[in-house]
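You will see two complexes here that share subunit A, one where it goes with subunit B and one where it goes with subunit C.
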Partner chain A sequence: MSTLSHSGGLPPLDLSRWSKVPGLLIGAGVVLCLIGALLNLKQFGYSWLLAFMFYLSLVLGSAFLVMMHHLFDASWSVGIRRFCEHLACLAFPWMAILFLPIALLAPKIYPWMSLDPAQDHDLAAKWPLFTKPGFYLAAVLCFGAWALFTSRLRYWSLKQDEDGAARCTYKLRFHSSWGIAAFAFTLTLAAIMWMKALQHQWFSTMYGVYYFAGSVWVALATAYAIAMILDRQGLIRDIMGAEQYYFLGSLMFAFTVFSAYIHFSQYFVIWNANMPEETFWYVLREKGSWFAVGLVLIFGHFLVPFLALLRINVKLMFKFMLPLCAWIGLMQYVDLSFNIMPVLHPNGVALQWVWLDAGCLALMGGVLAKVFVRDLNRHPAYPVKDPRLAEAMGLYPEVPKAMAEEELTQTGKLSGAQPHSRGGGR
Partner chain B sequence: MSTAAIKVSAPPPELERIPLVENQRSPGWITDKVAGVIEGKTPVWWWCAFIPSLMLVTMLVAMILYLVTTGVGVWGLNHPVMWGWAIINFVWWIGIGHAGTLISAVLFLLRQRWRTSINRAAEAMTIFAVMCAGIYPVIHVGRVWFAWWLFPLPNSNSIWPQFRSPLMWDVFAVSTYFTVSLMFWYVGLIPDLAILRDRSTTKARQFIYGLFALGWTGSNRHWSNYEKAYLILAGLATPLVLSVHSTVSLDFSVSQLPGWHTTIFPPYFVAGAIYSGFGMVLTLMVPLRKMLKLEEIVTMRHIDLMCKVTLATGSIVGYAYIMEYFIAWYSGNPYERFTFWSRLFGKYWYGGWAMLVFNAVVPQVFWSKKVRHNLVAVFIVSILANIGMWFERFVIVVGSLYQDFVPGNWGYYKPTWVDVCTFLGTFGLFFTMFLLFIRFLPLIATSEVKGVTPQADPHHPLGGAKGKEVLHHAG
Partner chain C sequence: MNSSSKSYGLIAEFTTAADILHAAQKVRDAGFSRWDVFTPFPIHGMDGAMGIRNSRVGWFSFLGGATGYTSGMLMVWYMNAYDYPIVIGGKPMFSPFYPFIPCFELTILLGAFGAVLGMMFLNRLPRLHHPLLKNRRFAQATHDKFFLVIECDDPKYSEIVTRKLLEATGSQHIELVED
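Presenting the complex of A and B:
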């Protein structure tokens, strides 16, 4: 057994003054949401849906990172696993509770709910999915699946903390294996039923992948920011080395490109075929100031983070990465807004309702932050018995030398090298 | 949350990783093993594989000559299926060629050290597969002697390529991919060619290997330049992994034909290409590691990881299939619905089921570690993956063309003996090239494999690390 104490570095941040922020966000959010709901219930429904889909993308993206860790038996992601589990567990019951206003206001939000299927072929073709029972059953299915795999993943992760038995690792892999399939289908179903269904006539096989790409992108940025803070507080300092931050930054870069690739492919295929039943979705989003938002997405969603993350050393510069993580969050929100809001405001961005969008975002953010911090305080900040913990810290097991004498002589010359500072996982 | 000192234990024995080179083999042993494949006597099995392959190449040449002198009518192409086996085989071979660049470039950038034992063979496979693929569009144009018009070169008739055609995009995407893959492969070979030069026992060998080793001495400066070049080439090659098969997918998806026009095609084609590429790497490496006694370098861990990538990409392909069927229903478009119904219950029902079962269902057996560690099972699944991916292209090309919007326009397609012999001939070309490669060039990236051994890691006990970096077993 080897024991390490924390290495030095910057002093921990004084987070006490931030502890009231979630409460303040909730207070301000409640006031703004109430005023908004009284003034314009439909607008409130859309603003709420936008904030909900934003946080849902973060929660589901985090669940994906946890499952990938187990499925690929990774070591670099040990340091971020525990708080990603907490983020994923926000899916139930908290996101389900936050879904209630959408469930209640669905007839106001989704135009198809007010249409007669006998008069609308596109709607009739989607029977029984596009019926009210179908809509609510889809929601139950999604939240049921998310509740099951996120809770199982955290349950066995905390069990693993007790004894580090291999059985826990196998259980985590098992729940990740069925969970990843359930994740793919429920994420797609949610994106279709809650976002694409705003214009039920439109269809695109790419839409689930589109939402997935943004979800993992924003989850990576959030994971990077949280890891930085926990690292500074000394909670995961020995597990998060340069290599771990490099991997997080590289994946952020990869998903920047992947998101752009998905956005472009969808647009390009539709533009090239030029079929009216598909192009109307983009035509609407080229009207008024939505055209400018489209340009913001091309440059802000892709080009800015792409250029910013190109260099290796940038991925390790916290002062640079923190604003970039915030920027990625903002761009994900703008992208979802580009998907949702043109249905309600076809002539351009409704700047007069930005305060309501902010209110919904603040209220949900406050609630989720409170729950997340509570969970973070309850449990160890990292999985203390993860089988890849040593590897993540750059420690190697003692190996009995089984080489032939002449072979050992060849390697003996390598022993004088300097040890590395921190990290070292694969 | 706790800030107490971290106590770290070694993982439970059943979760310990298999090393990337087994039995703590030394750098010298690795060199001897890899170079021994080339320096040793040509094995009988090599001749048994090479001679039939060469005969198939002869058949390919004969088929191409017959086609060129007679016309594309010797193929089964006819109205309404004007794209038949030629395009199917083109897309299939291009797909096979995807694993090489993924393993060599993408996994290199992601620092996946397990790539080192298989990247060289996969890169070679890529180049040979792209060569096989490249034959089809060229001979498909009919008047092969005008194929150079595909390039934007000035000519006396002022005829310029039609840049709005996705087939033109293919020309540039595939030729770029081939060029970069070839450069990447060659740059990686340089240090190993120098090893072969230095071990040569004949003047001729020494001269040829020395010529291509470009004066490599292994100095720090050489290694520094080499690493930089390799990184830049990896950066250049990575977008190509996405772009090539995305461009190929646009051949179909920018049209308005049911079964072709769907937005998920670009990533779905890329995932399918990686799936079939890894399928072919497994098909080749599973028997080769045994025949060449390379089990300690291409370990069960490598096989296991390749199976996982195959499973992941097969599942992505499965997701895309489900989305295609779902959106065909969701869209309410009767033509889309009919096309997808026909895939399973139409005249070519066997193709539709083969692609679904072999690509989406069969790879699910890799969830089991027992299957991933059973080489016979792995080999069979890898073959089925390639059969399934061929049928996928068959279903897309023929399945969508033979029954389009107007029933009066429907027809039936079947290949001729020339189609079949040409396809078999490309197998001959592929295996001839690959067999020559394993006989004359190092199948394993020797210098890279040495770099991932524990002995080369100064932080590892076998590399000389002592003290706090060495984790003692709890027991």
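Presenting the complex of A and C:
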């Protein structure tokens, strides 16, 4: 297994010159965001929302991967669990802090906030969710749930590093079991309140799943890339074999298909029903250069990763997967942009504001990267006392070929079972 | 080679999974191409030990899937837009959207057919008889014994040298199987 691993004895990379990057990103981002906010506050709000939804998808997707690990009692994902916990923990307080500009600029970003429900049937029908208190309560609920389950998942995981107690695993399973339900509810709520509400007249029951599919997709690509780097640095080399990368790659393939399936189903149902109260959302996104963006999504979001990941062996090729992971990140960003930006720029992609989009992306990315690297350095790179650690490393305990007579009687006592009627004899 | 009856190959018997895994590595390194391993259960790492490359079945299912998708699109276009054009619900005569679902189903169906038929083609199945089935000891392959068979058709095969190689791997029992 180790012969197929990427690192395969390569020396660790010198990452010291990269350590300044998050700081530079923050610096450049602050400057660009300030200029943007002064020039056009509404544009700044939309650019910030786009970058925020992008990083939020990564953070929530990582939380999903951690919870899946515990719920399925998986062994392969032990190696990626710890840094996924760190990524998930960015949700609170960091994503909550980054949400503040959206909370403040909400009346500028969301057109429904300045409408009168008595005059607008679509708004009245969504009472009381689509009211100002409803909006802010929903945000509090989302961040509250995320803070609770992400912090619990990391707390008990770190606790197990110290004592290796089975209790920690049971606690982690408990928090994953209620967490996954809270996750599904809050992720859908966030996608509706912060993205879909840009056109509050519209409805689509698939919207939450749509955001979820992209979230896990981008989280898997990020996990793959981070695992490759940590593996190369020798931090998780022992538990990342070909099998683990293969599973990550397979899941990336599965979520490529899954998100395409959701996107297509949403489009197909609306296209087929052909009702104006639904189609206007897509009509807007077929105007100007947004039509081209839609095609980029069909080919770039689905077809390119689909065909690229079809072969079994490419899922293990470092040089192939790293660019693909970056591509997946880019496509997720373009997808969210396709959801958010046409509301502000109905005539086409606003290339003159790309610098502000990049500035918001850089500022948030810099902050989150700084926190992530700090957390990563502070704790062991993988859960060192995970009960499935040996399995993840591909080590199987020796199975005894024969048991001594005494051992047989002892195992009978241990299990609490009644001794055989025939006694110890065979 | 035997003059009277043709031989099929040399069969070597092992008692543990570890033994046959190491034996397979040695046979692989000796450069044999027509040989196989029979075990009562799947052994982790055997693919690597035997030097088996990626299966080619995927190409058959890919071709099947591509055929299914294209034929679905062509079928709907031919029926609805060419042979007997009918306006339904104000939709265009042909669009890549509404035939997608039958196309998707046909992709899956013919992809699965491609996989099954490709597997049978590559494994030369169905096959009514196999020389190994005549060997009495070989029945233990479904119980608790592990077997490695090198076929006489292998270009590297030579009864004396190959037997020596198998003896060196630590097999308890080596036998020549008649065709």
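Everything below uses one rule, namely that the second predicted complex is superposed on the first by the 393 of 426 C-alpha atoms of A that agree within 3 Å, B and C clash if a C-alpha of one lies under 4 Å from a C-alpha of the other, contacts with A are read in each partner's own complex, and residues count from 1 in each chain.
Note that in this section a contact is a pair of C-beta atoms (placed from the backbone, for glycine too) under 8 Å apart; a residue touches a chain by one contact, two chains touch by 3 or more.
The structure displayed is predicted, hence computed values, not measured ones.
Trainee: More residues of subunit A in touch with subunit C or with subunit B?
Mentor: B
Trainee: Using the touch definition from the top, say if A:R311 reaches subunit B (first), subunit C (second), both or neither.
Mentor: Touch status of A:R311: second partner only.
Trainee: Should A:N272 be classified as contacting the first partner (subunit B), the second (subunit C), both, or neither?
Mentor: both
Trainee: After lining up the shared chain so the two structures overlap, which partner does A:R388 touch, if you call subunit B first and subunit C second: first, second, both or neither?
Mentor: The answer is first: A:R388 touches subunit B but not subunit C.
Trainee: Considering only the touch criterion stated at the top, classify A:V283 as touching first (subunit B), second (subunit C), both, or neither.
Mentor: Neither partner.
Trainee: Taking the superposition on A as described, I'd like to know which of subunit B and subunit C A:A125 touches: first, second, both or neither.
Mentor: A:A125: touches subunit B, not subunit C.
Trainee: Check subunit A for residues that touch subunit B in one structure and subunit C in the other, and list them.
Mentor: Residues 1, 3-4, 268, 272, which sit in both footprints.
Trainee: Mind listing the subunit A positions that touch subunit B in their complex?
Mentor: Those residues of subunit A that touch subunit B are 1-6, 71-72, 121-122, 124-126, 129, 164-166, 169, 177, 180-181, 184-185, 188, 192, 203-209, 233-235, 238-239, 243, 247, 250, 257, 261-262, 265-266, 268-270, 272-273, 275, 277, 376-377, 379-381, 384-385, 387-391, 393-399, 401-404, 407-408, 410-412, 414-420, 424, 426.
Trainee: Where on subunit A does subunit C make contact in their complex?
Mentor: 1, 3-4, 264, 267-268, 271-272, 274, 310-313
Trainee: For subunit C, which residues count as touching subunit A in their complex?
Mentor: Those residues of subunit C that touch subunit A are 45, 48, 54, 58, 62, 89-91, 97-98, 100-101.
Trainee: Can you list the subunit B residues touching subunit A in their complex?
Mentor: 1-3, 5-12, 14-17, 23-29, 109-113, 239, 242, 246, 250, 253-256, 261-267, 308, 315, 319-320, 322-324, 326-327, 329-333, 367, 454-466, 468-474
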